[in-house]
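Paired with subunit B in one complex and with subunit C in the other, subunit A is shared by the two complexes that follow.
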Partner chain A sequence: MSNYGWTGKILRVNLSNESVSIDDTSKYKEYIGGMGIGYKIMADEVPVGTKAYDPENKLVFAAGPLTGAGIPMSSRTNITGLSPTNPSNLVADSHMGGNFAAMMKFAGYDAIIVEGKASSPVWLNIQDDEVTLESANNVWGTGIYNTTAVINSIAGKEASVAAIGQAGENMVNLSVIMNGTSHSAGGHGGVMGSKNLKAIAIKGTGSVEMAGTGKEWEELNKYMLEELVGANNNHVVPSTPQPWAEYHNERSRWTAREDLYWGAAEPPIETGICAAGDINRIGYRTDKAIFDLGPLAEKYTVRMGGCQSCPIRCHSQIKMPQLKEYGVSEYAENTCVGYSGPNGVMIKGSKDQFEEGDARILPRVLGSQLTDDYGVWCNYGMIGDDFKYAYNNGILKEVLPADEYNSIPWDLLEAGDPAFLVDFYRRIALKEGEFSKLGMGTYWVAKEWNYGDDFWDGAEDGTGSKIWSRLGFPRHHSSETAGQVGATLNCMFNRDAQCHTHVNLTGSGLPIEVQKKVIADVYAIGSEDALDAPNDYTPANEAKAKFAKWSIIRNVLHDSLTLCNWMWPMTASPLKERNYIGDTAIEAKFMNLVTGEDYTEEELDFAAERIFQLHRALTTMQMGSKNMREDHDDICGWVFDKDPDVEAFTAGTNKLDRDDMKLAMTMFYKEMGWDEETGIPTQATLDKFGLNDIADKMSSMGLLA
Partner chain B sequence: MEQEKKRFFENEQTRRDFLKFSGKSVGGAIVSLSVLNLIGCAPEEEASAPPVETAVAFALPQGMLVADKAKCTGCQRCESICNALHDGKMQPYTARVRVAENYNYGPDGPKINWANADGNFGNKMMNPETCKQCREPFCGNACPVDAISADPAWNNARVVDTEKCVGCGVCAEACPWHMPRLDPETGKSSKCVSCGACATYCPTDALKVIPWEDIKTAMRRYKRNFA
Partner chain C sequence: MSETTETNVLISDEILEDVIDHIRQTSKDGQLVEKSSLTVFLEEPKMATEEEAPEEAPEAETSAEDEPEDQEHREALMTALMAALEASDAIEVKTLTDDAGAEFLYSAAEMTDQYASIVMSVNNKNYLKLIADTVRYESQKYPRATHISLFTKKPYNLTEGQLLGLLSSMSTDSTYADLKYTEASNGEKFLFSERHLTARHAKSLAEWEAVLSEENP
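Presenting the complex of A and B:
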């Protein structure tokens, strides 16, 4: 195996005996990198039955061969380990962007395996091939921002630091690992805390080598940036009519237009017209401040930020002096659910505090700072729903001691004052009292506080819920996105599905008839029947099963290469002259350029499928399940019971039909080569992917049909 | 841009003439003091020539790279294109336009006021650093083996000849901004040649190659463009 793309080395750190060693990456080549390396290590090294906070659990920070190679949107760190949020502590992966993954590669490592448990708080200091464990006593108990500053003052200003806050230290299930001020990986912060590992700092001065020439690199990047890439989530039409564009769609994240500014930049910078193909304006296409925070945010926008190597700047950076009133910095940065998660905690709504319209900004930017510093995760927005159910149903009054209940500033909550969040997140992060059980995650808090079936299945009218699985995770582009396609893939992971392959196309802004042509052009799908118009669904079919499979496979591929699935794949293009058809083979083109290997897109998809098959097999073993359809893939009732007055498959609703969804799942199992009744990979399928050892293990556990 | 360049060079005619006189082309490499002596151009013998202190024979560059701090979003794609074209490998440590190093806390690293100072953890301000292509380049003047010269192939940018470079690192030390960098893998120094590829591909149009002017003038004119 060449060292093109891959550095060839994996750093193994045993915290129990304070030893480090180097593994050879080449034995994981079939698993590409990132998520693939993570799941393979978990399967090989962590015994079934291990719990998330056991020292025997491991955390694998891994990147792929394209990370560090300057490929657009490639600085993604995949973190794999047993997750404390689901009932069986099933394996899951969390991801973060930022600079960390690229820096890890420059220091010479494709991955870092953290195992064991330190006897007292430590942080890992990686300076190229010098690796040391340092005492973390001086930062333990402090937030991520302070921790990073202190560690950077020791490890060097340029080091990239992935740290946990108080939440992770206290083994709050809902906690993050974060690098930079806003790039967080949700769900594994507590595992890091359980190992007494406060942070990993990396400074790398080495290189990622590539097989192709710089000129070839330039040409392929240029092709992608001119012809394929859109705005955030690869939306390919602008949100307002533009002279260069045939279509526009008000929900598109391609928000750039004349007279829209980064208003707090000095001097203010106009986003302006950002035509497709204009490489020097790609970074202005998406104004995530006004998209996430509303029009008032324009004047508070310093600029957009984002990850190493990515021309799409999807994090908004805000300067809002009013934030100082809440005891936090006036500078804030985040995107999407990093903002909306905390906003969801304001279950009685938010009221304007300083000026008209700031109710839409304040809880989001204040909340993002609190959660990012404490290192609290929102379970993709569920923490607000969990809280809402307990509060509105009087559960909190029953389960909290009176003193504790009375100490909570309910008046702020009722008044819609975002200052409530300051109190809320302190209790969660510091594990203060019974209330902090909200930080255990949906499954556990619902069990502890005995939530009713209506929490899971929705009220009688089917409204008001977004919980997807009784394993405790919410929908994440599920049935509301391409019907059975989104629904199927939302059942396949052990946390919220972090898959954007499907939603990037349905949200692209293109008219449905164009989207259908685009999806029919994908080799693995080949039919317009794969996609229905929004809220106007048709029954399950084979093309949808193929679309669901391809969506997952590409998601897994990206998390292994590692590329950002929030942008990739390049299914659609912003160019009319391409008939808006993108290029789904460009991952393979970049892979071959960087590594010198000779992959087709089919071969890369096959390798990614191996990883997903392993994920499924591992999950089956960890659950000890003989019927994954029943034990794992079950969907909460509201998905089928919402809009009680209309039938599924009528225009205007995205409700699904139970029998049809069963059929959709059967069709999907068939595409995957799984038992069509139980959803468990068959011996033949595992053999096909060279997973014979896994098949043997499953067989000995009596889990193979 | 062409106009500005011309105007600038007109003002520098004396210098150009002197360089021609010394037997080197305008874009020629370093003419060291010993060479000047050899051609009978030592200061004591050539009263009409400029004093030798100002006559270090680096032909003036035509362009210099500047970065707009208000527009830079810290994506570091400039570092990648620089590495791709000049190194054929990715290694931001040696990239000649430098964003990542100042990304977190600005050029000075974390100080007690980090929450309000430059950088991602503070006021979000990026501080991209670029080579100023100095009139009297500290790097070139310090190089003990004359490996850094005004290279006509790069419009007289100050360029490291890696054949000559012995990897001593004096250039990096001498530069007030430490812009030349020794590649730890090759042991060779490298620095910006003002090729402009980073500007060509900057996704927010934050970089550009401007007609050269002395750093003192440029810093006044493009205040926000220097880290």
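Presenting the complex of A and C:
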């Protein structure tokens, strides 16, 4: 293994015996980094059957060789561990941006393995080679904002602090780990809390060594920024008609335009038109404030923020004095579901409170403040739907003691007053009463409160559900995104699929005929048949199976390199002169530049597939499943039963057909080298990826196909 | 120095650069350049090079704008300018003609044909046709239903009152019989062309844009 890209060291911290040791990264080279290192450590060190909150569970904070090397959109931390939200506590990943990953590399570590359980609350203080455990008694019981401030006052203001709030401490399943007070990794906060670990602070003064020259680095960056990068989610057309752009799309996140301002900046700053190729204005392209919060947000926007080494500023930083009325700071920062998740809790809608139009913005920014401080996760918005079902079906009245039920300010909820959120999130984070079971996550709360089949499968007309799997995870760019492609990949993870490879293209804003040419240019797919026009689907085919596979593999690759899959891959380009075709080999070009190795695009995808094969094997073993198609890959009924007045494959519906989806899954299994009936990796496939030890283990468990 | 052999009129590099900059910037700003407006760049003494320009322009020449030979000279200058633009590697100039026959220029690098076409239609005030062409194009090309608010944005720039009036006129004109309304569940209105989308498809696309895309961020 070269000394470039990787630091070569993994920090192992055992909280039980307070020991610290160093592992050599080189043994994980085949697994690249990030997610790959995480899965390999889980496979090697965590026994099958371990539960998420057992001390034997581990948390692996890992980055890849590209992080810290100044590669665009590369400051991602991949956190791997058993997840408490699904019934078998299957392995899962949570991810956060910010600057934690880069700082970890600068401190000299590719990963941090946290194992065991501290006897009392601690935080981990990493200052390059100096690693100490500190008492967390002064911050335990407080929120992430206070914790971060206090620890920064000790570890230094330059330190990156990844912390949990009260939700994590209380082992609320739906809790986050957060750095930078807004960059959150959902799902593992409770595991960190179960280990009595309040935070990890890292200050690194080193750097990531790179094999290539500075000039080569600059040229490759320039090429990418001039020719490939769009706006957030790599949307490559602007949201309004603009002189330079052939196409536009109102739902594009390339929202910059004339007369649009960061209105709370002093003085206000106009985003202006930020044409493709103008690399010095990329940071203005994505005004996510108005996209997430509506037009009123313009005057409350201080600026757009984001992660280390990322030109796409997707976190809106808001100053809204009215927030102080709710007992929180007037500042808020977040993006996307960080805002929409809390809004989904307002199940009776929201009404204007201080000015016309603030119903759109207030619950989102207030909710983001509360969830970020308490450290509550929304399960990709599903907590609102779980709550809605219980409330609308009278379940809460049945399961909550009367005094508890009557103590909840339902009047605020019914009146559309976002003050309801203050009460809601306190109960969840502090585990107050029966109501707080909403924080257990969909699978568990539905089981505890005996939700009906209509919760999972939708009402008779197929409406009313957003849950994807009976294992408790919601749809996340599923059947509404490229039909069978989104549907297939939504079945493949052990939480909501955080895969954006496919949706970054379908949401790019390009016309369908252009998108088809773009996807046909991808070496692993090679056919326009991989993509249908929106809501005008065709039956399953081999190209769609390949698209689903490539989408997952690239997602896994990015989480291992580590790059942001909310932007990567560069499948499409904003440039007409490129026929809008991006460059899917640029990950390999950056990899070779940084590490001095000689990877092809195909070789990197192969390495990523090894990681995903391992994920599937770990999942199979933890479930003890002999039929993953039935036990794991099942899809809730509403996907097939919606729009009952028309058949699937009719223009105007995105419903799927059960038989066709079964065929789609079989085609996907075939692409993956899995048993086409059971969806379990075959011996030959595991051998092909060097996973012989895993094959032996599965065989001994009687699980190998 | 650029020149045309037919007229033997010379366009200085300085003037050519100024004209190119002007066309580029105007295109970047989303406007077309009326060809006749470029005469301002061709006026004496700016026009002449140091070598060729007289110390002082003869009084007769500066005051005899209506003389036929002067008109011919201006036309020759314009012809030379257009030829110089055509020959320049620094810009690709494209031309559109409005309904009155006036020529307009734009820089292909700064403005797309699509955008220029919209601006020209707005200049011509062909609003009904512009709306119809836009809706049909979007229904076929993307495909998507067209949010009616699009026409209040640049470069359409219609007021809400104008737009409502135009849409009302459109509904009674058989030329536009293929254009239909659809509505998302939040009440937002869209147009689509039945030539390219079924009503059901259009409604589902409108619902996605106005409601569901926000629920699936």
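By our rule, the second predicted complex is superposed on the first by the 705 of 705 C-alpha atoms of A that agree within 3 Å, B and C clash if a C-alpha of one lies under 4 Å from a C-alpha of the other, contacts with A are read in each partner's own complex, and residues count from 1 in each chain.
What we mean here is this: contacts are C-beta pairs under 8 Å (C-beta built on N, C-alpha and C of every residue); 3 or more make two chains touch, one makes a residue touch a chain.
The model shown is predicted, which means the values in this text are computed figures rather than measured ones.
Overlay on subunit A: subunit B and subunit C fit together in the combined arrangement. Contacts of A:703 after superposition: neither subunit B nor subunit C is touched. In the overlay built on the shared chain, the residue A:534 is in contact with subunit C alone; subunit B does not reach it.
Look at A:276: by the touch rule set out above, it reaches neither subunit B nor subunit C. Here the apex is the CA centre of subunit A, and the angle it makes with the centres of subunit B and subunit C after alignment on chain A is 70°, in steps of 10. In the superposition on chain A, contact is made by A:310 with subunit B only, not with subunit C. Touched residues of subunit A, counted separately for subunit B and subunit C, are more numerous for B.
Superposed on chain A, the gap between subunit B and subunit C at their nearest CA atoms measures out to 19 angstrom in whole units. Subunit A residues in contact with subunit B (one complex) as well as with subunit C (other complex) do not exist. Taken in their complex, subunit B has these residues touching subunit A: 70-71, 73-77, 79-81, 83-93, 100-105, 108-110, 114-116, 120-124, 184-185, 197, 200-205, 224. Residues of subunit C that touch subunit A in their complex: 27-30, 110-115, 118, 141-144, 147, 150, 153-156, 197-205, 208-209, 212-217.
Across the complex, subunit A meets subunit C through its residues 240-247, 249-251, 257-258, 273, 275, 292, 336-337, 340, 381, 466, 475, 477, 480-481, 511-513, 533-536, 576, 646, 650-654. Residues of subunit A touching subunit B in their complex: 68-70, 72, 99, 102-103, 106, 128, 145, 148-150, 152-153, 156-159, 180-181, 204-210, 213-215, 217-218, 221-222, 225, 265-267, 269, 279-284, 302-311, 313, 317, 319, 329, 331, 333.
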